[in-house]
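Listed next: structures, encoded as structure tokens.
In the two assemblies presented below, chain A is common to both, partnered first by chain B and then by chain C.
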Partner chain A sequence: MFQQLPVILLIILLGAAFIVPLLGRKREWLAFILTAAVLFALFLGAIVLLFVVRYHGPFTYQLGNWPPPWGIELLVDYLAVYVLMILGTIAFLVMAYGARDLQHEIGTNVRHWYYSLYLLLLFAMSGMALTNDLFNLFVFMEISAIASCGIISIKEERRCAEAALKYLILSTLGSGCFLLAVAMLYMVTGNLNLQYVAGGLPAALSLYPYNILIALSLIIVGLGVKAALFPLHVWLPDAHSAAPTPSSAVLSALVIKIYAVAMVKIFAVFPAELFAVVPVLEIVLILSALAAVAGSVFAMLQDDIKKMLACSSIAQIGFVFMGIGFFEGQALIGGLLHIFNHAVIKAMLFLAAGLIIYATGIRRISEFRGLGMRLPLTMSAFVVGALAMVGIPGTSGFVSKWYLALGALESGKPFYIVVILLSSLLNGVYYFPIVITAFFGSEPQPSTERRDLPLSMLVPVLLLAAATIFFGFYPRPLVELLQQVLASQGLR
Partner chain B sequence: MDTVFRLGDNLYYLAAMVLFIIGFHTMLTHANLIKKLLGMNIMETAIFLFFVATGYIRGGRAPIMQVGQDHLYVNPLPSALILTGIVVAVSITAYALSLIIRLYRHYGTLDANEIALLRAREDE
Partner chain C sequence: MESSVYKFLPVFMVLFPICMSVVIFWVSRYSERLRNGLSVATTVVTFIAVAALYPPMAAGKVIAYTIFDILPGLGLSVRADILSFCLALISALVWMLVSIYSIDYMSHEHGTDRYYPIFIFVLGSCLGIFMAGDFFTLFVFFELMSLLSYVLVIHEETKEALRAGYKYLIMTIIGGLALFFAIVIVFELAGSVSLSEGTLVAVPSTMALLAFINFLIGFGMKAGMFPLHVWLPDAHPVAPSPASALLSGIMLKTGAYGLLRVIFTVFNIPLIQEARWDIIVLVLAVITILLGSAVALTQEDLKRRLAYSSVGQMGYVILGMVLFTERALIGDIFHIFSHALMKSTLFLAAGAIIWKTGLRNINDLHGIGRKMPLTMGAFTLAALAMIGIPPLNGFLSKLNLGMGALEAGAPVYLFVLLVSSLLNGLYYLPIIIAAFFGEAHGEDDHETETFKMSEATRGMVIPLCLLALSCLVFGLMPGNIFFELSRKAAAFLFLQGMP
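Presenting the complex of A and B:
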């Protein structure tokens, strides 16, 4: 009876994205209630799917009842369920926070459009997690690109328009590369369904090796641009810092990760012998190591709190790609686990930064003196986030780095442990001064602006902080789920 | 000689690649935002041409089945997919143009370099 659930979730998200602007014209609160309810439904649906997959195994859904080689297929496996769960949880909490925050960041006349774009973005990301079809993946990628640019440029500041345009152009470049890769794969295998492509590739590899190699490199570039993998990250700092706070949180926590997930899905299709001959995974590894170090260095140079957090995302997405670069065992578990951990931590940090800006209007880190006394709860959450980003044991950031390090040892590449340590130390260099100035700064600065923090903004931040600590001590359910992800993808 | 013939057989692919590089180059090297957008469109068109060409069979006809007649048919799937691709490209172009209009209203120029200069002056 749960066979229809994945497509129902997608339809609810898409349908609500169209209904919300209609409702919002007259009654904005109704539009918000509907948005929040739909996001909560996504969360519940993901939980139900998790149990269905756990007890009945992964299943597929054929859209329009067309069987696979012709029709589009949705595949509900452990990876899809894992990603859907992250999407539902974070999106709901961020929206709960956004209820008040958006009131001072964007105008009343466009707020219902914001909800609509937000739902559309979630629709596209859930679709990317579920789909089993290459072209369908491309379409969802484009929807997600437009929607994520939309939630940046909705703020009527000129730098938002600039950041959105830069993001849009580079992101189109990325999806262009991806579409070309899809064409190359379609040429040699005659299929778009991932399972059928996987079946056709070994035979095609001996006949048309160049097509497949070019496709593989185009996929890395295409998804790399969208996921802000190191040399292709130039759009990220502006886009993620200029956007309204809820958008920043969602963009940094979810949108860049979903492309990494897409990469895992597509890499699993290619035959393992290919990776043994062509150093594709090594290239991803090297780029990820560069990202982990360079992103931290960029972050050290920033004075704007949101820009610093955005730069730190470049380093953290490096860890996710490091797991993909090893593409086996513990390291891949670590990389995939970091998708969840970073989503929680970075969403929390962005929301905490948003709270600071909301309450005091301060954006510059150098003006943070004495903030710890004025906003104790917010800054405590920020400290938890900072500790998790550095990877102190007892926080969830440590667990994923631990698995990455174990994986690096397992694969016989201990050099990457040095990279992880170096990046963590650099993280400490720019996160701890904030904590120290906030709590131990000599005299508190005269407050420029003072607003009380509404509970609806504070609670999501505290919940995310609690999750950071909880999964730092008890990561077992997640790790077990990820072990099943690996087993079902046919990886070690 | 053999290579030349093979290129001749795959002329569509060659043309698509040339267009792709023209578009890519225009997009990355021109400072004018409208030209960047045009480059982006040329690049996308090249990809669409490439994709549609994968389904083309020389001498093939439109895939309309008729009873009792057996013809060589062109593969309709790539064309159908690219129809979606074109819709996406159009919407992205429209959106990018609207952003460019907003930038032009603010800065009074379409030159990306000048915008960067003006912005640096504003930030000071």
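Presenting the complex of A and C:
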């Protein structure tokens, strides 16, 4: 019975995306309820799948009962479940927050379209997590790109349209690269199913080494653009800062990570000998190190709070890719763990920034003076986020850095620890002054938080902040899950 | 039955202040008096809890257990042995006296609603450092303490304070990251960061050296070791005086405690001696001693002079731990006690002067001793102890350190100690002489001749005098409990450091 669950989840998401705009024309609240319910269903479904996978092991589902070489296959393994859980949790909390936030950010006439696009985006991302087919992956990538553009440009401002266009162009370029790579892999192996490709690659490697190499580089570029891996990040700061707050949160927390997950899935397909000969992973590592430092430097230069958070995402995605670049042991656990940790932290920070903008209209960090007194809870959540970004022990940011650092030592590359530390220090240099300006050096002001902020916006932020601390002290279940991810992917 | 109480005590003394800080924060909305009372009561109860641990600790028992594992091999754990007891005892004692002093001192300050909860919370995290059973727990509390004491540093929220605080914060982050690096390396090399498993790294290697250097950066930064002391002379003077007393008196010692653990538990004496890593520490310690004392001479601001003096005094502590003789180690640990008492006395006295007269510059303090004899008397006693005049406690620690240096066959360090003592004399004595015998500026002679007392309030003078007297009591007096504890702790550490 649970065999059908993954496809049911996808169908619910897709179906709801079509029903919501119809409902929302007359009754907007109904559209919202449906959206929230579907997202909650995604979350519940992910939990059920987690237990199914834990007790019965990973399983596949054949769409339309077509067997693999021809039909599309969904693979429910530990990685897919892990990603689905992140998607469900964060998307639900962000949408709960969005109910009120969107009322002041986008017009009434487009709000139900927003829900629709949001569901479509979640559908695409869940699909990417589940699918076991290269071309299907490409299709989901395209849906995700279009939906992302939609939720950026839905705010009718000039800079949103500009940012969306920039994203669209670069993202299409990335998709093009990826499609070419898929074609080349199909050419040499005759298959699109990942497991069959994996089976065919060792033989093809000796016959068509260049095709495979070019495919690999195209994949890195294609997914790199979409995941905003330095130096392909240029679209990110504009797109993530111009969008409405819930979009920014989802884009930074989930969308860029899903491409990193796709990269893990595809890299696992290539034979290990290839990576031993060609320094592909080295390149990813170097890029990630550059990203970790450069992103932080970009963030230091920003005065707009959302732009700063967006730039910080460039640095943090660098950590995720650093784990992928090591592609083994503790470092990969660290990288994958950072997908979750950063999703929680960055969603929280974006939502907190949104709260500040909602309550006061202030976007510039230099005007934050005294905000700590006016919005104590929001700014406290911000403090937690800042601490986690620096990697203070007791926050979840520490745990992912701990694993990355251990992995770097295991692989005999302590240089990358220095990169992690440098990036953390830079994080401190730009996150802490915000907190300091907000709390100290101004006349005490009465708190207006309860009056200015609805609970539906405040609670998700506080929940995410609590999660940041909780998973700082109890990351065990996540780590154990990731160890199983590694084991099931046939990695050390 | 009894042992289970002892087992519970280390957790209690850490969690009780932390929980109380929330209560105090909540109470401060309703009543200032209740808030102040609760703050003092919390420190008193905590002190009693620490002191109650004396019987098992003095008997040489070790309380160590794991509370829960965060990750395999990495968890929150407790360990109380004689060394951690020594530091916890002095911390709780000074904290208690300073909290009494705070009530009057802070009565005219703004932002007291955040001062007291943080003050109490930092006590909890400070004890957490000492009661930690592994480097991860220690690191958690170390960061908690360092980050929260930022709020104490910038309490006055002037531009100067914020600038100093920023410097402090950045240095704290750097130190924290260095510790992170070191702990990761030790974990990778040894598979554990527990303090209870004996020597963790016994083989010298490049990675081990890297870990050692990073530990040195992380803890040395906190302890004000050259060249990482740069935040200290800015941060300590700008804080309110009770906070300065704790920053200089207690929180610097957490760095020293960390280094002691690193040298004697993570590594061991033969390893460090063979690999000649002690040279690094010795050179830095000597520079710290001489630089701190010399720069203190040039400072005009009283609290800045005291802060630089702390740099010099922490140099003694760092020096003592790498001489590797038991005698030096006794002096080292006893100096942690002495310096905590002396420096908090000095800062509290300076605070009383600032509170009463608003004077900070040393040149303005002429004749202050005639107005505030008790305060300046306490100051004098502590300053003489600082110089190392017998029978005060500073003499005893310097005596042991010096004899330890001779036993280690390195009389040059004795010479360094003497030079530093001379410098101490040069910068403390003029203050005292001017205070008692100098002519006050701007007043005519007749008025200064009259002996007119105008002391700070009793709530400030009593803790101050108690601390000053303790410099005398815990000097050459018989039955010096702190010295006994230092002897036991040194013997314990020395055994642990020798595999």
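Points to keep in mind about this one:
The criterion applied here is as follows: the second predicted complex is superposed on the first by the 483 of 492 C-alpha atoms of A that agree within 3 Å, B and C clash if a C-alpha of one lies under 4 Å from a C-alpha of the other, contacts with A are read in each partner's own complex, and residues count from 1 in each chain.
In this text, a contact is a pair of C-beta atoms (placed from the backbone, for glycine too) under 8 Å apart; a residue touches a chain by one contact, two chains touch by 3 or more.
Not measured: the values here are computed from a predicted model.
Once the two complexes are overlaid on the shared chain, A:R364 sits clear of chain B and of chain C alike. In the superposition on chain A, contact of A:I417 is made with chain C only, not with chain B. Once the two complexes are laid over each other on the shared chain, residue contacts for A:R158 go to chain B alone; chain C is not touched.
By the touch criterion defined above, A:H56 lies against neither chain B nor chain C after alignment on the C-alpha atoms of chain A.
Using the contact criterion defined above for the overlaid structures, shared-chain residue A:M187 touches chain B, although it does not reach chain C.
With both structures placed on the common chain, the touch criterion links A:R27 to neither chain B nor chain C. By the document's definition of touching, neither partner reaches A:H104: not chain B, not chain C. Residue contacts after overlaying the shared chain place A:C149 against chain B, while chain C stays out of touching range. Touching of chain A by both chain B and chain C, each in its own complex, is seen for no residue at all. By the touch criterion stated above, chain A contacts chain B in their complex at residues 135, 138-139, 142, 145-146, 149-150, 153, 158-159, 161-162, 164-165, 168-169, 172-173, 176, 179-180, 182-183, 186-187, 192. Within the complex, the chain C residues that touch chain A are 69-71, 74, 76, 110-111, 136, 139-140, 143-144, 147, 154, 157, 162, 165-166, 169-170, 173-174, 176-178, 180-181, 184-185, 187-188, 207, 210. Contact residues on chain B toward chain A in their complex (touch as defined above): 20, 24, 27, 33, 36-37, 40, 43-44, 47, 50-51, 54, 78, 81, 84-85, 88, 91-92, 95-96, 99-100, 102-103, 106-107, 115, 119.
Put simply, chain A touches chain C in their complex at residues 387, 390-394, 398-399, 401-402, 405-406, 409-410, 414, 417-418, 421, 424-425, 428-429, 432-433, 436, 440-441, 444, 473-476, 479.
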